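The two complexes that follow have chain A in common; it is paired with chain B in the first and with chain C in the second.
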Partner chain A sequence: MRAPIRIKTLTIDGKEVSAREGETILQVARENGIDIPTLCYLEGLEPYGACRLCLVEVKGINRLLPACITQVEEGMEVITNSERLVKYRKMILELLFSERNHTCSVCVVNGHCELQRLAQKLGVTNIRYPYRYPNLPIDATHDRFVVDHNRCVLCTRCVRVCDQIEGAHVWDVMGRGINSRIIADLNQPWGTSDVCTSCGKCVHVCPTGALFEKGKAVAEMEKRRQFLPYLTVMRGGKQ
Partner chain B sequence: MTQRITIEPVTRIEGHAKITIQLDDDGNVADAWFHVTQLRGFEKLCEGRPFSEMPSLMARICGICPVSHLLASGKACDQLLAVRIPETAIKLRRLFNLAQFVQSHALSFFHLSAPDLLLGMDSDPKKRNIFGLAEENPQMAKDGIQLRKIGQTIIELLAGKRIHPAWVVPGGVSDPLTVEKRDKILSMLPEAKEIALRTLQWFKRSLENFRDEIRTFANFPSLFLGLVTPEGEWECYHGRVRVVDENRHIVADQLDPVEYQDYIGEATEPWTYLKFPYYKPMGYPDGVYRVGPLARLNIIDGFDTPLAKQEWVEFRELERGAILSSFYYHYARLIEILHAIEKMEELLNDPAILSKQIRAIAGLNNLEGIGVAEAPRGILIHHYKVNEDGLMEWANLIIATGHNNLAMSKGILQVAKHFVNGKQLNEGMLNRVEAVIRAFDPCLSCSTHAVGHMPIHIQLIGADGTLLDELRRD
Partner chain C sequence: MNEKKIKLATVWLDGCSGCHMSFLDMDERLLELAEKVEVVYSPLVDAKEFPEEVDVTLVEGAVSTEEDLHKIRLIRQRTKILVAFGDCAVTGNVPAMRNRFHIKEVMERVYEQNATQNHKPPVDGIPTLLPRVRPVHEVVKVDVYLPGCPPRADAIYFVLTELLEGRIPDTTAVTRFGA
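And then the complex of A and B:
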């Protein structure tokens, strides 16, 4: 016999909502038309909780919780939008911009970038932290695609889609903290990877211009992700 | 006692510069220098980036004429792809360049130089600007603003925005022209033509007031260099290089612009960031040449549009050989505006302009590419080398203002010697020194892109003119 579905009731931004046990705050909020900004989260991939843009306040808990990986509980009182949250979200975006070389004006995804869109939406007009201007390489050894570490925000969408959907696991993360970097296989040029199927899923789930199709000029690269929900369903609805 | 006069910053030009004038014991002008005081570093910062980003990245060199950099860069990238781009793409890129000629020349003439021309070189400096112009001759100020607006609007209609559009891509352009947009552009051109003709008439009438300036504004023999069609007519997009001397004799013709290194050398001096290009067969500094509107009108055998052709014939009558006074850059600019408007009409009335075949798609096929086009200020060269993955390894940009560097320095000395007297200085004298620079419409932000190990030649010269010491780094 199947276990009965347990229903939890809670409030999000004062609105009473009900949810299935095991759902995350983010899922329930979106089902109810409440918008929480996200960057590393992508429907169809396992949530990872890296970017912290989806932080929310929960009454009775002092620290902020990431909505994408926090499961709902009975009687929770969630606030998704407050002065404090906006302050932290803007700070996170500014830190992302200052960490690498995100020069929107000459980027292949200018106008189609999730990071750029979030910054516009949250009203980030200037970066208060000094830019680090790291000297990062571009790997253009692949026949069809390019990875530009200057634009990477380490959301690991590429790592997850390659592992969970394509099953190739070309991408992974090396190093710690500020030195973290996405690598192909055993930290080798992408073009030399034996397991890469050149499917391009990583390129299209990437929220920024870090992964793009070779030969695209500035502002020409648009990401198409319609394939992801279908592929997830075909793989048995597993997220 | 020797005295030094410094004009800093030089106003109503693009970018930052200063002028130093050295006076001798009697207060007469002994020497003059034109210093460009900023450094940009584009040749360095593009290293390691994919070549497909270059048109847009290089366009950032300048907000006044991003179109020129887009085109030269786009052409260099076409070579990296090793493609022949579709005819319509060439037509559209040419149209794009002509629109920029209109807006950029309008800016130079009306906004920057007309205050000197209309209000006089000695007028109150507080009024000697576009606002003073609007007070004195509202029609002319309106004309200038309107003409520039028309040029900018055409750029926006073609490419999506006015400044730094990303429309030019390796292999062609990214979007075709629609019927609506074509009709809109065509509807703006008659007004532009009226303004151009009206201003030309006014300028020709007022030439008499500037006899002294015409005589002394960088008025000296030099070579002139630019692009011409195979028939020797005016050209701004393709074409081959022609060099003429002060008698308008052709020194070299139909040179392949891609082989520019064979005939153009670059020298540097320690007191400026701007390099000094010269015509190699004649050496440095004898190979000094001028580029830009005046040079183009000196090298060509004519225009292929009726009104501009007529004006050019009249212009040619000014002198028997080449027109040598740089004051006539202004005149040449107005004739080019007229031609650009006529030519745009012609291109837009050709149904081929609407074709959807606007881009050649290819991967990387060459590791070196050179793109050459005429910018409003003169010939512009982009030269790239990439690695096998298509990442930039090296770039060299030769910018119009750079070509005119020697001519500008010579011009300053000439005009300073004539107008500046250390015993009684006045503002009008110094303004003339600036105005000679303005005549060239230099774009200094563009031209000081170089960084890295510049070959340097330093000479230490004593009061009696003897060479005391010399250092050279190549």
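And then the complex of A and C:
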């Protein structure tokens, strides 16, 4: 016998909503047409809570909670949009831009980039923090794809899709804090990876121009993600 | 305001002049603007000195040299509303791509390794490069950000007409980084 579905009721931005137990604030908000900005989150992959753009206020809790990994509770009062939240979201985006070399004008995904789109949507017209200009490599050793660390925001979508959907686990993260970096296998050139199946899923879930197909020029690369919901269904609905 | 034309200046620091091309791309709207605006200083007009009491200055390009630094400070003093005009002014953009290298490496690369003759940097008549290219707002206060590479003519027109109406424009509706 299937366990009965428990229903939780809560409010999001003053709107009364109901949710199944175990759902996250983000899922429930989206089901109810309430938009919370996200960057590392991608439907079909396990949520990770890295980017902090989906931070929301919950009444009675002093700290801000990431909506993508916070499960709903009975009687919760959630605020998804406030002056404080907008301030932090803009700060997060500006820090991402300042941390690496996102030169949008010469990027393969210019015009199709989630970071760029979020900046415009949240009203970021300039970066208030000093740019770091790190000297980061571009790895073009793979036959078909390139990883450009200058444009990586460490969302780990590539890590998760390779592990959870493709089952190859080529990608992972090395280092800590500002020195963190995405690596292939044991920190080796991508083209030398024995386990990479060249499926390209990492390329297509990447929100920026950090992963792209060879032969694409500025603004030519568009990411195709139609496969994700399908593959999730194939895996029995498990995220 | 209707009687008196506003004084507009445009300057070109470390950029490719694409933003100025986009400015010209306003086409017939330039005639309409010309009735309300006097262009007092610009690569497009013949004025040698940056004048006093300019109402609006569009700054194209990043701050890359001692000369840029000197110019932008003077411009700021003499301008009421300073617009960072295009991605180089707003973010550093392509000129700032040299920032990850030491200035010595940049000079060697350009004037020695890639030179076919005169294998040394020029010494006369060119301004000293700053160690790092910087967006305009890191050097002086900026009032309006107009990103884009280049910002479309429509976006420039929007900003200028909003300023003429006495409003500070919200540019996110019309442009973005890299647009």
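One rule holds in what follows: the second predicted complex is superposed on the first by the 239 of 239 C-alpha atoms of A that agree within 3 Å, B and C clash if a C-alpha of one lies under 4 Å from a C-alpha of the other, contacts with A are read in each partner's own complex, and residues count from 1 in each chain.
Definition applied: contacts are C-beta pairs under 8 Å (C-beta built on N, C-alpha and C of every residue); 3 or more make two chains touch, one makes a residue touch a chain.
The shown structure was predicted, so the numbers you read here are calculated from the model rather than taken from an experiment.
A.B. asks: Using the superposition described at the top, determine whether chain B or chain C touches more residues of chain A.
C.D. replies: After superposition, C is the partner touching more of chain A.
A.B. asks: Of the partners chain B and chain C, which touch A:V108 in the superposed model: first, second, both, neither?
C.D. replies: In the superposition, A:V108 contacts chain B only.
A.B. asks: Quick one: is A:L42 in contact with chain B, with chain C, with both, or with neither? Answer first, second, both or neither.
C.D. replies: After superposing on A, A:L42 lies clear of both chain B and chain C.
A.B. asks: Please work out whether A:Y133 is in contact with chain B alone, chain C alone, both, or neither, and reply first, second, both or neither.
C.D. replies: After superposing on A, A:Y133 lies in contact with chain C but is clear of chain B.
A.B. asks: Does chain B (first) or chain C (second) touch A:L211, or do both, or does neither?
C.D. replies: neither
A.B. asks: Let me test your reading of the model: by the given contact rule, A:E220 touches which partner, first (chain B), second (chain C), both or neither?
C.D. replies: A:E220: touches chain B, not chain C.
A.B. asks: Just to be sure I read the superposition right, which of the two partners does A:V203 touch: chain B = first, chain C = second, or both, or neither?
C.D. replies: neither
A.B. asks: With both complexes superposed on chain A, which partner does A:A29 reach: first (chain B), second (chain C), both or neither?
C.D. replies: neither
A.B. asks: Applying the touch criterion given at the start, work out whether A:T141 contacts chain B, chain C, both or neither, answering first, second, both or neither.
C.D. replies: In the superposition, A:T141 touches chain B alone.
A.B. asks: Per the contact definition in the header, classify A:Q120: touching chain B only (first), chain C only (second), both, or neither.
C.D. replies: Second partner only.
A.B. asks: Under the contact rule defined above, give the chain A residues that sit at the interface with chain B and also at the interface with chain C.
C.D. replies: Common to the two interfaces on chain A: residues 105-106, 110.
A.B. asks: Can you list the chain C residues touching chain A in their complex?
C.D. replies: That would be residues 84, 87, 90-94, 96-97, 99-101, 132, 135, 137-138, 142, 145, 147, 149, 170-172, 176-179 of chain C.
A.B. asks: How about chain B: which of its residues touch chain A in the complex?
C.D. replies: Per the touch definition, chain B meets chain A at residues 48-50, 52-53, 55-57, 60, 164, 166, 169-170, 174, 361, 363, 389-391.
A.B. asks: What does chain A use to touch chain C in their complex?
C.D. replies: Residue positions touching the partner: 97, 101-107, 110-111, 113, 116-117, 119-121, 123-128, 130-131, 133-135.
A.B. asks: Please name which positions on chain A make contact with chain B in the complex.
C.D. replies: Listed in rising order, the residues are 105-106, 108, 110, 137-138, 140-141, 146, 148, 191, 214-220.
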